[in-house]
């Protein structure tokens, strides 16, 4: 090669080194802008840590009075019941949306409509949906179920649609070639290919829904969150602690169940 | 099978029983759930049947969105993004040691490993809104509480994923650098950083994207961001304002999702 | 010149991987170390630059004792020992050039290393070496885009750019196909001659050892059982190395450069015990 080859600089994945530095500069700028805008002073932070100590002291020991624990148990049953129903209703609605959002099976207009539904459901946080549902339907678990079902649609349809897009279309054709109707082709050609993933996804979403249903109560949409919010408003921090412990326990058990079932299915 | 005419079923014996059992248990739980809720709260059937009408009515009142309100959301939306940015950076800083003790190949001993797992579990199983409730008590209402809540909530997620990434490090590559006589600092720079950098950047940006969504609700408990305005609008039944705010949130979330996807694809 | 004196390694599990191995390697000779798997070939090579810490004996590089060096001095000593690995041990997410230049890491500051700023001589040397190993024009490719043979060439370039006093190659051909293996062996022997440095290759393919090396070291069960010119590697000698058989005829094997001190006092250079 040429004699003058003394220099080498690392190639960049950006268009040029200048672009790279520009991107770094912008990133730093955003961080600086964020820090300046939030105006977090160390003093306020340290002060807060002091209150944190007091908070923890007032949480310990967690509330164990029998009547409180009974209310806690009922609220937890309600929470799990909400998650069960929301999972089922969410999935039922998801199925047509998922087929609509599968590029290989769906006509264009249906495809875009389904994708729009999925985007909106995924972009809006569950708690926002819950608070709107509470205003429309009143306080209580119904609002929570509606909110969680709505969130389920975006998640479930998106992943199920991806699985449907991954299926082997040749076997669907083979079923059609035997003279089967479209519905029969669905049942024999498409469904068997997605069922294992479907069950796995359903259980996974159920696990997420258990988590969600523990918090929608904070805006009044039923479940243990209602209890948590009430205890919080009344400064009963020892009861808050008890509720949090139960929430963590239930969330962990749900995660475990979901992991075990998914491993068995696959 | 040994009978005169052969029979055929899709699943046999225990497997079949397991499947049926699973479905029956699931079905009974759902029905039981319905009965429980109907007994204890407003879940009676005729009430439920009016729900779609009420929801449709609500969406009707949201239209058309109050575009004139949009200038008012710029500040709160900026605060939302700021909370996500600083919360994520703080979370990454805190997650680094957590990842180190959560990874089986770098954790000093069993006790530190369990501590790491405990931090990851608690951080991940408590929702950001609950963390926000607690930090509002500590730091008072405002963005500080929201930022801390975002950071604490993200530590578990980042610690877990980065810990898994550390477990994947190929020490052969590190050894190749060590054999040249490189110092520990250079070993880190050339042997380890290139191996974890893509994951570090990718996971952090991904979490930032999640945090932007999460930060939109912090305002419900007074922890700053757009949630404050949204909560007020809903509380005063200003539905056209609500829809304007929701559209603004949708825009910001989609943009941050785009940035996140782009950055993750850039860094390999 | 590299010397080892009674080099031994006992792993924490109690495995005696290396037993009193003494050799001397100098000049521009290509020395192949052969032996069955588990004989301790890798352990021996890795004990030289202390990637594996030896438990007894000495390693001398140009009369400098390496086994007693502190960490800073050991790093300096490693700069003088180039190493080529079986699995290449390249940083896969870095470019070819960065991997080659990493051979110069021992000579630059941390800050320069971070900025990838190496002296122009080093960069020039790296370019020349890439030319030599047949990878010219590939400097900006990432290593994970390369084939096995190309990776091993990068590994060799990284070792040579160190300007080492000796090159150690730990099974450099085991992950490669036969043709590429020959290329790599030829490259290593050429380098020994061109750069006037000795190359110690441990290898399990005997035919490659016979074809490319000047001298053979045979290891069996951690002991040096053969040390002599390649021409002297007879069938009997192979049996000693691979099957651990004793050789009854003491005249059949010629004296190597170093007599194993554990022999029973006879002139037989092959350490036969038990």
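Letters A, B and C mark the chains as written, and numbering starts fresh at 1 in each.
In this section, a contact is a pair of C-beta atoms (placed from the backbone, for glycine too) under 8 Å apart; a residue touches a chain by one contact, two chains touch by 3 or more.
Note that the structure is predicted; figures quoted are calculated from it, not measured.
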Category of the chain touch graph - line, ring, star, complete, other: complete
Per-chain Cα centre nearest the global Cα centre, belonging to chain: B
Contact-richer chain pair [A-C vs B-C]: B-C
Label of the chain whose CA centroid is most distant from the centroid of chain A: C
Chain A and chain B, separation of their C-alpha mean positions in angstrom: 7
Approximate Å spacing (C-alpha centroids) for the pair chain A, chain C: 54
Whole-Å separation of chain centres (CA-atom averages), chain B against chain C: 50
Junction residues of chain A - those touching two or more other chains: none
Two or more partner chains touched - positions in chain B: 268
Two or more partner chains touched - positions in chain C: 98
Contact set on chain B toward chain A in their complex: 22, 29-30, 32-34, 36-37, 40-43, 47-48, 51, 54-55, 57-58, 78-79, 81-83, 85-86, 89, 121-122, 125-127, 129-130, 133-135, 137-140, 143-145, 147-148, 213-214, 216-217, 220-221, 227, 230-231, 234, 237, 242, 246, 249-250, 253-254, 257, 266-268
Residues of chain A touching chain C in the complex: 1, 5-11
Residue numbers on chain B that touch chain C, as the complex places them: 170, 172-173, 175-183, 185-186, 189-191, 194-195, 197-198, 268
Parts of chain A lying in touch with chain B, wherever the complex brings them together: 13-14, 30-31, 33-35, 37-38, 40, 44-45, 47-49, 51-52, 55, 74, 77-78, 80-82, 84-85, 88, 119-120, 123-125, 127-128, 131-133, 135-138, 140-142, 146, 211, 214-215, 218-219, 222, 228, 232, 237, 244, 247-248, 251-252, 255, 261
For the chain C and chain A complex, residues of the former touching the latter: 95, 97-98, 101, 116, 118, 120-121, 123-124, 126-127, 131, 136, 139-140
